[in-house]
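Input: a single structure, listed below in structure tokens.
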Amino acid sequence: MHLSLADAIENFVADGTSLALEGFTHLIPFAAGHEIIRQHRRDLHLIRMTPDLVYDQMIGMGCARKLTFSWGGNPGVGSLHRLRDAVEHQWPNPIELDEHSHAGMATAFCAGASRLPFGVLRGYVGTDLPERNPNIRQITCPFTGEPLAAVPAINPDVTILHAQRADREGNVAIEGIIGAAREAALAAQTLIVTVEEIVDELPPAMNAIVLPHWIVSAVVHCPGGAYPSYAQGHYTRDNAFYQRWDAIARERDSFRSWMEANVIGARDHRTFLAGLQQAVS
Amino acid sequence: MHLSLADAIENFVADGTSLALEGFTHLIPFAAGHEIIRQHRRDLHLIRMTPDLVYDQMIGMGCARKLTFSWGGNPGVGSLHRLRDAVEHQWPNPIELDEHSHAGMATAFCAGASRLPFGVLRGYVGTDLPERNPNIRQITCPFTGEPLAAVPAINPDVTILHAQRADREGNVAIEGIIGAAREAALAAQTLIVTVEEIVDELPPAMNAIVLPHWIVSAVVHCPGGAYPSYAQGHYTRDNAFYQRWDAIARERDSFRSWMEANVIGARDHRTFLAGLQQAVS
Amino acid sequence: MSDCTRDEWMTIAASRLLENRAVCFVGIGLPSAACNLARLTHAPGIVLIYESGTIGTRPEVLPLSIGDGELAETAACVISLPEVFSYYLQAGRVDVGFLGAAQIDRFGNLNSTVIGSYDAPTTRLPGAGGAPEIAHHAKQVFVMAKASPRSFVEQLDFRTSAGYLDGHGARARAGASGGGPRAVITDVGMLAPHPETQELQLVALYADASVDEARAAIGWPLRVADHLDTIAAPTAHELNTLRALEARTREAHARPVHIPLPAEGLP
Amino acid sequence: MSDCTRDEWMTIAASRLLENRAVCFVGIGLPSAACNLARLTHAPGIVLIYESGTIGTRPEVLPLSIGDGELAETAACVISLPEVFSYYLQAGRVDVGFLGAAQIDRFGNLNSTVIGSYDAPTTRLPGAGGAPEIAHHAKQVFVMAKASPRSFVEQLDFRTSAGYLDGHGARARAGASGGGPRAVITDVGMLAPHPETQELQLVALYADASVDEARAAIGWPLRVADHLDTIAAPTAHELNTLRALEARTREAHARPVHIPLPAEGLP
């Protein structure tokens, strides 16, 4: 159950895996993404509502064959240049897109968590997306005859989350903005969670968000594992880093050399963070 | 927004209303049910997964025309004798049944909260319920061709909940077993919440269950309003009362005279509780 | 331990079927006692889910209802009922479901809806509750019921939840995902499906019971398995643990409950 | 207050459209500034929802992203994204949705997906996000965008979300439940749909702008409403409140962030 990050990726993430790193702005599992890059995984089917910097890095480093997503930008800043380069110029390789709206993708994750083959929404009216994505279809209400949109369930081979806490049994507690993380977790075949802290006892939970230990395949103690995203109660989002990323990722050369120096060149996440801290001071 | 219980029922619950009093074992709004009996409402379409004693009392007192439900017993004790008498002998009046499984009814509440016309589940396989309820139909997955069950959304005219706390703005906080209360609340046209306490500020909420004030039509300060059900953190379930109810409700006469003496004869919920306490001591 | 009751022996026999770390969807009554006994004896890692949304509960005393506060207070987490049914049960995350019923037929189909006709029943029962989907999705189902010809019947008055339907693979052909009733624990012995016909047959007897006693209690011509087991007598540890649990429960339920009378001046 | 920028004036003009107690689904950037300005001036009871699931937030400073911690800490509650989209937006509980886009056409349809063809775009934009369903379900939609012939176009390269489709009631016939774009706030003035054709026309100008300036910035032959309003200049209170909010925001975002380096010995 409790593994090192390197072992968790080694054991559970193979080339070709369909893989969701979830967390909506908050608790994005950057450390896990970096370890996947270090371990040189290829042909991944990446799934994430908002690809964010972590998928920009993985796509730019050639890990991805396909992307299921609903909004691919640098939040509050602008483009994801590596995603754009892959779509516009097939660099470093072509990438297949399975493109949704947030509502459609949330519905697909819910269907996945419920192990239903599809989900239903009032959505995609008057948009061109269904023309471009055969995964968006129509269904008729058997009671009212009304047409509605249907999307197929998303069931990743592996979902990776970052969370604040796990206990020694592997129960995982998440606090703050959750996005579709619960549904992505419960929809997956295998669930890996990196956490800020391993504690003897989780805080009293009543209706808090807890993933019970028996749905978790691996827990990885990985403090700082969501940086430059954030972990509510532990550290804040490094908005300045998100802004700096725009310049780093704009050109292939600057991107590659930053990744080589900071991610590939660091043996683990602690070294990655130490390197950034040194650069700042 | 803040009303007395008598005014809330007077203003929002008319004869013929479709009405859900939700709360799964926990936080059952007994005080509201009693006030509806006192105000002599008729022809209600009662909706509740587990009718419990509160609907046994309302049905026995002739308030109901129809019942949508999924399990109609006295939990851990046995039958609801008044419900049985209505179904088996049409006393005090015939009652129409719209009968589901828990999974089906939960799905219908979710569809209602989402304002979808229907919900989908893998359910009702090999059971006789669909033969008896035209509200259970089949739908075909537009991706896999697989047949699944469909149920129409439940959207009550009025939902009534009991909760631990509301603030002065009308935000409502619920802690503990929640059942389908959130979905029943969000599916309704009008939402009334009786609460144990009105507070200046709700406890810190992050991911707790909070119904924002702008979806709440009325808040009623009604301490003890869930008794003999319970309010986590305030008082426990009176299991002995549930056991005693079996004898009280078994015969029409003993039922009527208990209701006359304790519910009709009490001008409000406080008087009802005071009467019970006097009887005990 | 020959002084135990059949109810106790039944509960203990059922508890032994539960493996450590099994995820169990628990019903009130005998199943709740059996599951908690397993947790307090050989299966400390068992995960108990009550349909009220309490996941991983460890109650000190047995709950009277499926949603007693005790269940919420001792749970790893409390989730909504739609989540329990969609994200846990329907998602195939439940290893063992427990069911009871007013009637059961030879293929383990259950009736908890009506005796008599649906429209004019002689006895209206509580109804389906979680049963149809527990029967459908749990990897295996255990049924606990006292045997009598009135409850173990040739023909159900209403089929509330599916066992093996008409047997011979009918259940799988109907698309049910779980494995169906693997054991029916009664007070005369244990029944289990025949590997091919899926008809329930007698597979084990309490040490002090006989095949004739079992046959008299079952409303269809009961077949006996080629190999008939004996259900071992309760150990002292099992029986003491169960009795202590039930004593704690009786004491807790007898404790007078405070009527939450508001202070004067409040509504 | 003639020393204000057009960005400020735009934000203030948009904030004035928001009624007290309106439930707003807020996007990042200008809409977030406009909504929070409204909350801090004439609409203290406004309810702000960000799609990250933060309901009823009251941030001290403007968030950079849609999910900054500030939003969660000041929210009435934080719910999951599926709940936001199903139980709130799709359920018709949102009064006002704000949208921006790379391209808008004369019927208020929006493109935020690609410039060029979908399969071989010259510019790949971020995509739909919440826009299609905000455009569909919000009772009314406000669009904020700087006007230029490159963004206010005759023909969208891709239709990401529906305005009035081809106008003349096409939107309602397609089954969209919300009311569509009621106002487009630009830096040259405000556009609104013609009551019958639903074509966007110029309805108001900033005091220092002209119809010619507006026409030059719009890529289709812009019609002017029969009655052309003037957008009142910012009051001192509006401008001071907005500038103080933005100053607080700049200061907060400039504050160096602590890199969460674990202690030696931790992983």
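Brief remarks on what is shown
In this document, chain identifiers A, B, C and D correspond to the written order of the chains, with residue numbering beginning at 1 in each.
Simple rule for what comes next: a residue touches a chain if its C-beta (ideal position, glycine included) is under 8 Å from a C-beta of that chain, and two chains touch if they have at least 3 such contacts.
No experiment lies behind these values; they were computed from the predicted model shown.
Any chain that touches chain A and also touches chain C is listed here: B.
Distance between Cα centroids is largest for the pairing of chain D with C. Centre-to-centre, using mean CA coordinates, chain B is 41 Å away from chain D. Note on chain placement: the centre of chain B and the centre of chain C lie 27 Å apart, centres being C-alpha means.
The set of chain D residues touching two or more other chains comprises 72, 78-79, 86, 90. Each of the following residues of chain B touches two or more other chains: 110, 115-116, 121-122, 146, 176, 178, 183, 206-209, 232.
The complete set of chain-chain contacts reads A-B, A-C, A-D, B-C, B-D. Looking at the complex, you find that chain B touches chain D at residues 110, 113-116, 171, 183, 186, 205-210, 212, 214-215.
Residues of chain A that touch chain B in their complex: 115-122, 135, 137-139, 141-144, 146, 148, 150, 152, 174-176, 178, 206-209, 232. Every residue of chain C that touches chain B in the complex is listed here, in rising order: 28-29, 51-54, 63-69, 71-73, 78-82, 85-86, 89-90, 109, 113, 118, 120-133, 135-137, 158-162, 165, 171, 174-177, 253-254, 256-262, 266-267.
Here chain B touches chain C in the complex through residues 4-5, 24-26, 49-50, 69-73, 75-77, 79-80, 83-84, 87-88, 99-104, 106-107, 109-110, 121-129, 132, 146-147, 176-180, 182-183, 220-224, 227, 230-232, 234-243, 268-270, 273-274, 276-277, 280, going by the rule given at the top. Residues 21, 23, 47, 55-56, 72, 75-79, 86-87, 90-93 of chain D touch chain B in their complex.
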